[in-house]
Amino acid sequence: MHKNRGPVYYGDYLKLKELLGAQVPLSKKFETNENPECHDETLFIIVHQVYELWFKQILHELNDIIKIFNQNYIPENSLSRVCQRLERIKKIQSLLVGQLEIMETMTPMDFLEFRDLLIPASGFQSVQFREIEIMMGLSTKDRLNVDREFFLGRLSEADRKKLETIESNPSLLKLVEEWLERLPYTQAKDFNFWSSYQQSINHILNTDEQIIKDNKANLTDREKNIQLENLNLTRETFANLFDESKHLKLVENNQRKLSQKAILNALFILLYRDESVLTLPFNIINSLIDIDENFTTWRYRHALMAQRMLGTKIGTGGSSGHVYLKRAADNNRAFVDLFNLSTFLIPRSQLPVIPTHIKEKMNFNV
Amino acid sequence: MHKNRGPVYYGDYLKLKELLGAQVPLSKKFETNENPECHDETLFIIVHQVYELWFKQILHELNDIIKIFNQNYIPENSLSRVCQRLERIKKIQSLLVGQLEIMETMTPMDFLEFRDLLIPASGFQSVQFREIEIMMGLSTKDRLNVDREFFLGRLSEADRKKLETIESNPSLLKLVEEWLERLPYTQAKDFNFWSSYQQSINHILNTDEQIIKDNKANLTDREKNIQLENLNLTRETFANLFDESKHLKLVENNQRKLSQKAILNALFILLYRDESVLTLPFNIINSLIDIDENFTTWRYRHALMAQRMLGTKIGTGGSSGHVYLKRAADNNRAFVDLFNLSTFLIPRSQLPVIPTHIKEKMNFNV
Amino acid sequence: MHKNRGPVYYGDYLKLKELLGAQVPLSKKFETNENPECHDETLFIIVHQVYELWFKQILHELNDIIKIFNQNYIPENSLSRVCQRLERIKKIQSLLVGQLEIMETMTPMDFLEFRDLLIPASGFQSVQFREIEIMMGLSTKDRLNVDREFFLGRLSEADRKKLETIESNPSLLKLVEEWLERLPYTQAKDFNFWSSYQQSINHILNTDEQIIKDNKANLTDREKNIQLENLNLTRETFANLFDESKHLKLVENNQRKLSQKAILNALFILLYRDESVLTLPFNIINSLIDIDENFTTWRYRHALMAQRMLGTKIGTGGSSGHVYLKRAADNNRAFVDLFNLSTFLIPRSQLPVIPTHIKEKMNFNV
Amino acid sequence: MHKNRGPVYYGDYLKLKELLGAQVPLSKKFETNENPECHDETLFIIVHQVYELWFKQILHELNDIIKIFNQNYIPENSLSRVCQRLERIKKIQSLLVGQLEIMETMTPMDFLEFRDLLIPASGFQSVQFREIEIMMGLSTKDRLNVDREFFLGRLSEADRKKLETIESNPSLLKLVEEWLERLPYTQAKDFNFWSSYQQSINHILNTDEQIIKDNKANLTDREKNIQLENLNLTRETFANLFDESKHLKLVENNQRKLSQKAILNALFILLYRDESVLTLPFNIINSLIDIDENFTTWRYRHALMAQRMLGTKIGTGGSSGHVYLKRAADNNRAFVDLFNLSTFLIPRSQLPVIPTHIKEKMNFNV
């Protein structure tokens, strides 16, 4: 416990002088009789500053999480801490989305009054947001072309260097992959979980095929064919999962980010989430998916807001922002492999039985 | 004021017996020792039932709004009522989005346990949601192919007939268009608002062009060219707005839904929203945009949820739902023309001056 | 429209160096090997800093609103601006409430690690929040004893002086009162709205009394008596409203804040909100009530959080915070008279008829 | 996995005919030319029906949770299920609060139009909400007088009987108490956790006393005395915790609900939450507190809404609702003992060290 060092005053502790002195609207700085200060520029500044404060907090959490994962052996009680950190990031994200509604209280016309003053500044230049993306696991090569261009071109030399350094460190995606790869339980002398699992899958898919062919759903021929095609796609997807060479090809084509082993073990965690030893790993996987999804929602809502604010006008940073933002919403996801895991799930009742000697290791008392 | 007719009991008034008796999980109905009831099917049913109750409420509001707009002369105090109704729809929508989080407490594996029982039922068969879409102004021809196919093919004969009847009535989009077209103020003997407006626009675009060419933003040649292209697109967009024949062509190609006159008058309302007489019209336009945007957000979040729940599996209705849902999110918007209005806004300081004799009509006391 | 003065960089515009340098955890400053930095202190600081940024934005809006109301004649289109400002404050408030959930991700044990370092700093010392309270209309004499004590005792001399100056300026409550008093429409040569209204009220209360006595609700004698007592209280409340001397006594006893005339006119606005000329005044009254209610909710949730964080421990500022906060939630409301207006409402069908010559003034076209 | 029994139609599955036929506004039933249907009564009905559907879902979860806890030995993976159920209840609760905003889109005047028709129906008669309260652990004797009176007097004979039966079954509070009492870890041959803990506490309180007396916070004499009094209260509170006879007296006086042993073990869980074996127990305790707090918030917001809707008028059920509701918000909490646990927390750095042989039992691998 820390010892008190003397009386603390609220305003000093929070450095309110610096904090509340950091809003300098350009429309005020360049105010003239004809062009008075724009009332809403203060809102514009404060909304962005609050975003940056939350980004700092998210980075504070991510740094600690990465520190924990960046060990060969992760102590059990550290996983609980990881969960708490991720939970906090999720709560912050839900505020980020809510904040868009505050921005939307500024009408397009009010924005027009001062937007020219800001050229070419742009939210693309938020170094902290880029840091978050990189630390989550989004690499430069994963970015859409337009994004990469802005990414490289619009930042100051110092900022670009900073991001390059960060990208050279292991990302959360990479560390989670290694952690997942270390999960035991799926292989033992007398037990190969994945071959049992493949048998169950084949059984299910064959049944599904029969259902479609028996046409219980009163499908037209055209619909029936579509569904059979879909089923074949599913077979192929499973084949891609279990065949390492096919998996590697997907990784090469940038369609998968995680190793086959990591994906399989993540799937195992989802399937047996109720076993005590998997409680925290499941929460972590689920939170990573949530966080990815929340950023996706935020980007999409952000895109709608930009479209509503600017129509098809050029953004202050020179991009037709909303089109890019919508595509980035879909593209810039680090943990998309986890997001898609449910493709491979099967009903609990058809799961392979885990041998007792393994089950014992997964619980405190069996 | 209505007179009381005798003591009322809470449970009778709300018909709780019927309401709370309407949850019949199929996994319970077909329960066996091997296949016990699935706990989460109750959630699945209740979530959908709550959706349907809110849809009924939204329809209740839309019907009243359409009744108000479906008059040649709309009494002033009715506009205030329209605003309240729209406001309520928006509040309901924000619950609809929040409800997705409750659905997400059901894990993909829990859903798998009973999903086969539901085939081929599908949310696409929600007649009420279709009614909302149609009443808002989404016509069958506006739908994506896959959507249209489901729309026509999956509904019972009775439900399809019902929707056809509704589509034959004037939609909110159509009625709002007519109402917008009736707005006075932009034309008078000595005053043609739109020709003044076009002059302002030309002035602004020419200035913008100069800014880009003077390269204040330190653009590379490539960026400069992109921006000049964008600027030309903007010129063209304005040309499309003011040239009736071009506008008609856009309508033919399904790129515009509203008439030129309606769009121009909506734009006028946005530009002069602070005049008393335009307070309510502005609120109405803004709420229509909000409502469209909220459905869009809801569809997008719904798509993410479907993807997370099913991966790339086939939905119970036989569609690979999340791909369709994401595209529908962007496509199924009735008031997209209003959404894009900000394309045509200019700064307040460059607006044409409205002659006093018109201004007088727009305020209580000038 | 403002002219661009040269390229702007995102980080410079937002003063990110100052902003992101303003987080100095005391547990880091006084870090030792035994007492390492507390991870969660950064969260504690950032949450409070974000609060302060939003408070600044709320003050920015309040200042503009007060400037508008602080005129003898308020131009019509200014009222629309007031509505937008109030709407924005409401949106910000809903974030303030949401932010409590982020604070709650810090567990009591994590807080304990650094709370002693902060003594005697306290949220009571937020000058900006005090400014908001004062500008809304909460005067020193309105505060609870404990609150007043902290209010005067814990602030630095400079901060106290600052608040005294602000309190010497007219508050929003005072200015709204004056604005309400100026509302015409209720009195004319041949028309005294309030005497007609009192007749309607008497009619309704007499009917209600009969309903209770006829015992349609199957009341026990005890219940019947309670209800009749309540009815008499209602009669008395109305008497207090219409009898100026009684009203003045309530004001003296600090049970009413607004003048009789202001309250009556606010009531009139609620009753005839659908008339065009009252659209914006109604929105303003409603938003003022919302804002008061939102601060109340925030204080109450804040109290619950404090209780959960500290139990019955002493707060860092030396108060048993949650008890005070709960009482302040109920007490510190500037616009409570508007909140209670519905006491005096009657059904639309029993409203007095407004003479045509007055009605004409209340609409654009009758 | 359940087998499909034939094609399912969305509307049939959800029993939409029954569901959407269950809204019968009395103002429609008794409609006359003079007294047309009240548009907003539909909203009033649907909002309450949605509440009842969510209540049903909450009961569905509570029943399953109680079934799990109502065993002498609770299998480990059941705890994970409990957590998921509780998590879902929390999500539903956040919708319940949001729903109040929809109700608030109905103005007091619109409610007045049909409220007399509803007499004496009242939300107090929601049997399902009473069931939730009872199952959570709120007994008849815990209720405020006014609440008890309504509770017994206003329900139909059948509904009252039903609730009495439910109250005769073990509540969640009771079952959680038993579960907590069974927690091992705090006592061993060579280890008495609680005596070590008491030593730490004494040390801390003595230090705190010195801090106050040394007056680092520049307290006035009056403030200093208040704080010392508070400190003595804290000492007494701890005494009450550790002295069984004192604790029993508090239980008798209805100031504590849980047994001493249960409270101590809950405290232990909070203190050592990062140990693997306590992860789920901690989540459960935390969720129970959340759920209690959420109902409290909902009741408080509900009270504010009632006040705003009715002012000081009599509610349809004959109560001056908002006063009761505010008091019930504070009173009707089942898990208040858990809520107040932080009173007894101490900083991690001053926690007693747990012997290795106990620690080993609390983790998978030490």
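Note that the chains take the letters A, B, C and D in the order they are written out, and that residue 1 is the start of every chain.
Rule of thumb we're sticking to: a contact is a pair of C-beta atoms (placed from the backbone, for glycine too) under 8 Å apart; a residue touches a chain by one contact, two chains touch by 3 or more.
In this text the structure is predicted, and so the values were computed from the model without any measurement.
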Neighbouring chains common to chain C and chain D, by label: A, B
Farthest chain relative to chain A (centres taken as mean CA coordinates): C
Separation of chain A from chain D, taking each centre as the mean of its C-alpha atoms, in whole Å: 33
Centroid spacing, where centroids are CA-atom means, of chain B and chain D in whole angstrom: 38
Multi-chain contact sites of chain C, meaning residues that touch two or more partners: 1, 4, 7, 35, 112-113, 116, 119-120, 211, 216-218, 273, 347, 349
Contact graph of the chains (line, ring, star, complete, other): complete
Complex interface listing, chain D residues touching chain B: 1-5, 7-11, 13-16, 18-24, 26-27, 30, 35, 38-39, 42-43, 45-46, 48-50, 52-54, 56-57, 60, 64, 84, 87-88, 91-92, 94-95, 98-99, 101-102, 105, 107, 112-114, 116-128, 156, 159
Interfacial residue positions of chain D with respect to chain C in the complex: 34-35, 107-109, 112-113, 116, 119-120, 153, 211, 216-220, 223, 226-227, 230-231, 233-234, 237, 270-271, 273, 289, 293, 296-297, 300-301, 304, 307-314, 318, 320, 326, 330, 339-349
Parts of chain D lying in touch with chain A, wherever the complex brings them together: 1, 4, 6-7, 76-77, 80-81, 211, 216-218, 273-277, 279-280, 347, 349-350, 361, 363-365
